[in-house]
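Here the chain labels run A, B, C and D in written order, and each chain numbers its own residues starting at 1.
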Amino acid sequence: GVAMARPGTVPEGDGDPLILNLQDHAKTLGNPVVMQGYGQPSKFEANLQRRQSPGLTRVPQASVSFAPLQGFFGIITPSGLHFERHHQGWIDIDPEQHRFMINGLVREAKVYTMDDLMRLPSVSRMHFIECGANSATEWGNVAVPTVQYTHGMLSCCEFTGVPLSVLLDDCGIDRKKAKFVLAEGGDGSAMTRTIDIARAMDDVIVAYGMNGEMLRPENGYPLRLVVPGVQGVSWVKWLRRIEVGDQPWASKDEAIHYIDLQPSGLHRQYTSVQECKSVITTPSGGQMLLEKGFHNITGLAWSGRGKVKRVDVSADGGRSWRTARLEGPVLGKCLTRFNIDWNWDGGPAILQSRAIDETGYVQPKINQLREVRGTKSIYHNNAIQSWNINEDGEVTNVQVA
Amino acid sequence: DNYSGVGRAATPKEVAAWDIDVRPDFRGLPKGRGSVEQGQQIWDGKCASCHGTFGESNQVFTPIVGGTTKDDIKNGRVAALTGNSQPQRTTLMKVATISTLWDYVNRAMPWNAPKTLTTDEVYAVTAYMLNMGGIVADDFVMSDENIAEVQKRMPNRLGMTEKHGLWQTNGRPDVKNTACMKDCVKEVKITSELPSFARNANGNPVEQNRSIGAVRGVDLNKAA
Amino acid sequence: GVAMARPGTVPEGDGDPLILNLQDHAKTLGNPVVMQGYGQPSKFEANLQRRQSPGLTRVPQASVSFAPLQGFFGIITPSGLHFERHHQGWIDIDPEQHRFMINGLVREAKVYTMDDLMRLPSVSRMHFIECGANSATEWGNVAVPTVQYTHGMLSCCEFTGVPLSVLLDDCGIDRKKAKFVLAEGGDGSAMTRTIDIARAMDDVIVAYGMNGEMLRPENGYPLRLVVPGVQGVSWVKWLRRIEVGDQPWASKDEAIHYIDLQPSGLHRQYTSVQECKSVITTPSGGQMLLEKGFHNITGLAWSGRGKVKRVDVSADGGRSWRTARLEGPVLGKCLTRFNIDWNWDGGPAILQSRAIDETGYVQPKINQLREVRGTKSIYHNNAIQSWNINEDGEVTNVQVA
Amino acid sequence: DNYSGVGRAATPKEVAAWDIDVRPDFRGLPKGRGSVEQGQQIWDGKCASCHGTFGESNQVFTPIVGGTTKDDIKNGRVAALTGNSQPQRTTLMKVATISTLWDYVNRAMPWNAPKTLTTDEVYAVTAYMLNMGGIVADDFVMSDENIAEVQKRMPNRLGMTEKHGLWQTNGRPDVKNTACMKDCVKEVKITSELPSFARNANGNPVEQNRSIGAVRGVDLNKAA
């Protein structure tokens, strides 16, 4: 049976009082324009918040808040709900006081103000950002209930800024010697990450814009690096400096964290690419189907190697699969929204999605990942996610074999 | 140049002020020195409150010290990284490069007052952390001149690999699935479910979902 | 000469104190995660607000607030800065209490709750919305100073919802007799607009999602019509009903307003499509170039007939033109961001942009529009915009011939 | 059907409650009647405060009444829509279809209490507006039965055209420019500039632009 009584079932008598009796807002004058010069969501949307996972980290300045994927539509993440990950807290820099430096293997080390950067040729591109530790809790057993906590270190925005290659060329990068760049943040942590030169000269952006406005302070205002397809830690926030060099730096967050422990005891270092992955966001863990019958299964797919080519969905735990509709635009290193029709017969079901990217790579099952990498990698878990639906319509996080 | 009027040359002092990174080959490491003894004083005064007197604390972050052995120092591989003997993977178990520690303490520690240590203090407190891990002796004085020798004693110095397909843009994936569409598995078994003690740990889903839509958040206060 | 002294010019002595002396935020611990469960822009961004144009309307509930295009990046409009246009004020409807009805030439009139609508197959699409009265002040002479007021009744978001055709089919639309649909709002004005059946069955969406979250109350929460390529007034907000019929309705906002007065004294009725248009957003009126030398000219282009094919930019008032770069994705009935390099020599200049859409239609000059339609049309002014730059770098709104 | 369980049939009373639209062919118009005299009372009590005693007010909206002539009623075209004789285009100058007025008043007026008039009151106050415009006599009683006759007296009833390319999806544009790239105009003349009295009217641009970027907002307090 279905657990919840719902509005909108066939009314008794003449009809639904909400239709028969006009509601107040149809019979009065509403609110003026610019009551909010910068608008806010409806008060009825307050449940959709980014949230910390209790017990996951020990201090809230070196922590993460998860985006509520269970309530998202399309591919754009509302900037106010972009996930957060800070290592030494977030700051709100006065952009007039911000400086950006390039040094190292260049003809001339240079300093740029925000004025300078915003005069240069700009590009605008939609890209996903995923923390390398997204879905970390699932390497072992199921540990968290909802998609906000299993996959919520994921967001997708339109970023605007200067191609890093334009800036490196402006400084006269030594194209022969340059092999890597270091990106460095201006906050307390002065976060550093190495990026190989092939990427740096390809699609990396020194970005100031996000979803049409400036970056939010939590996301690096006024300047962050956008490293398409690569884990979020490399998208250095509050960016103050790029150094061009010939060796990787083995900085703290590439030599102590964001390394993948293999069964041999060796750690893989410098893992960057976020491999092809997908997840069903509705219905998903912690949700409850209201009724048997038609449902639209929807979710997100992405690949750090390029475009999503196809997404398949299973309702029987992976026995059989059907191909979902991809909403356009389907862009490289960007979230892709998928939808597929489904008639829930009221019986138990296990929902899964499986993405395939343009390289032909197929999103793996958790056991296939474990066979190669064991269960202690922490990072870079791109396994197929399973949601169990019971006869009451309740959806829970499970793993299957 | 192409972008006339945009940007300007950095002065040498400006580059010096910001170019603080230290690489594994010690490029960028400033001259200086600091003893284990001095390090202990700094540690007790500025670090122990968060990381514990012996670097063992789990209070604000995972432990820095612990889990490494004399054998590890000899082998350059931390044995406890295989198996489940250690409850936590400490910093010293993982870090392969001493430059990483030096660079990070220099740029980011103490956490609430980063970039306030002098160069010599960074040498000292780094030496003290290694001393707590049994890597350098109590009377050791670390400096730019002998740091390369210390590197040779790092317990996990051979514990990193770059040989995998997930770094370079042309890297090959290590895991392979196929796009089977029908009769892909014979029997589906649920191998793991949310333990019941964890059901409440992340709040009540009904408060984390809309009150409209195809679904509602489960109400843990009502659900059986 | 250039009027303003600026930060970031070559420093005297050792260098810029902002670099030589570390700023506080580099030496302290920042803020925790979820300090804001729903994040806000930086405090330094407070100048970018939607604004009313004083004197344009008489009461703020039947008025408009303009989006600050001068500060936008890319194509996505931040939801908090989406322009507003209300006829009887905006309201914040409890979505559990909202109902949506389809009646008229259908097999069965039906009522849907939000629960119902959100179960149906959904699509997510990026589209511009432009008020038919955008740039109205420019039909005669120059009247307002900045792009916020000349072009700010323009926004672009990713919308998610149910294709109207899915709903009409669900009710068994009489495909033979149906010629038009009426869309009706649930607010005080109960706004109504006629939409011809070809459009209604094509790409119209009954939308609940905007930029990844629910519509904002000012934009119709919880339900609005999205009518791609068509003027905003047809995108009925707080949508309560669709009626299928065989004649147009001549409702107040299609028989008294949003009609175009021609020199003959006749009014064109039911104008819908927003023709191909573009505007340079930086530099634009009310702005001041800080310095001679390299600048990135950037702006927006769009067409209600499909995709933007090309944008040309002139710096000499239309004597000569160069083709700009279009940022991807270039989508149908969606804003397209363009950028082009420019070296300002410090002399006077007149900047213009001219968009061409995939039908080959070329955005017209204001005089070409006037030759056909006179100067009293009020609505549907898609003329080329001219920005004059004087030797001080000050940009002003001008018209040229 | 395809979408099992989604939506439900509307009851006849539900449709009746919401299906209030009135078309130019009077489909949807409910039976009823109201006199000019009754209309005046409603107008003076519920409308005049905003629209003026004679519908002439420009206070909260453009005037409803004014600018139409006896000849216009005869011709079905409002002459003042050509030329510049009328400072404002009033509602009665523009509206071609009486259904539009009836429908709009019924759904949206009075502005601060929409949908509170009875059907007869809507007939009455609509008649009174037409009376103020000289379209119906002082003793006229308008009803569903004679409204079609009134339509024949609407001053601008022939003033609308649907013959243009901007409605239908396959419509053709009326204005044509070409994509000239070089030597497109001989001489560029500025034909209109912002009048100096309007410079301040929309606030100070420096407060409407960022304090960073390629540009600043002009500061009208500083600018010459």
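Here, a contact is a pair of C-beta atoms (placed from the backbone, for glycine too) under 8 Å apart; a residue touches a chain by one contact, two chains touch by 3 or more.
As the structure is a computational prediction, the values presented were derived from the model and not from experiment.
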Cα-centroid distance, subunit B relative to subunit D, in whole angstrom: 66
Mean-CA-position distance for subunit C and subunit A (Å): 27
Whole-Å gap separating subunit C and subunit D, where each centre is the average of the chain's CA atoms: 22
Per-residue multi-chain contacts in subunit B, two or more chains: 2-3, 5-6, 8-10, 14, 18, 111, 114-115, 210-211, 213-214
Two or more partner chains touched - positions in subunit C: 8, 16, 19, 26-29, 44-45, 48-49, 51, 59, 71, 88, 95-96, 101, 111-113, 115-116, 118-120, 188, 190, 214, 222, 290, 293-296
Touch-based graph of the chains, sorted into line, ring, star, complete or other: other
Interchain contacts, given as pairs of chains that touch: A-B, A-C, A-D, B-C, C-D
Contact set on subunit C toward subunit B in their complex: 8-11, 14-16, 19-20, 22, 26-29, 95-96, 113-115, 118-119, 214, 222, 291-294, 343
Parts of subunit D lying in touch with subunit C, wherever the complex brings them together: 1-3, 5-10, 14-15, 18-21, 23-25, 27, 58-61, 77-79, 81-82, 89, 91, 94-97, 99-100, 103-104, 107-108, 111, 114-115, 159-162, 164, 166-171, 173-185, 188-195, 198-199, 201-203, 205, 207-211, 213-218, 223
Complex contacts: residues of subunit C adjacent to subunit A: 6-8, 16, 18-19, 23, 25-45, 48-52, 59-61, 63-65, 71-82, 84-86, 88-97, 99, 101, 111-113, 115-116, 118-126, 157-160, 186-188, 190, 208-209, 211-214, 216-218, 221-222, 238, 290, 293-296, 298, 325, 327-329, 331, 337, 339, 341
Subunit D-touching residues of subunit C, taken from the complex the two chains share: 3-4, 44-45, 47-49, 51, 53-55, 58-59, 62, 68, 70-71, 87-88, 101, 103, 108-112, 116, 119-120, 141-146, 148-149, 169-170, 182, 184, 188-190, 192, 196, 198-199, 202, 240-241, 243, 245, 247-252, 255-256, 259, 261-273, 275, 282-283, 285-290, 295-296, 310, 312, 316-322, 350, 354, 356, 361-365, 368-369, 371-373, 380, 388, 394-401
Subunit A-touching residues of subunit D, taken from the complex the two chains share: 2-6, 8-11, 13-14, 17-18, 111-116, 210-214
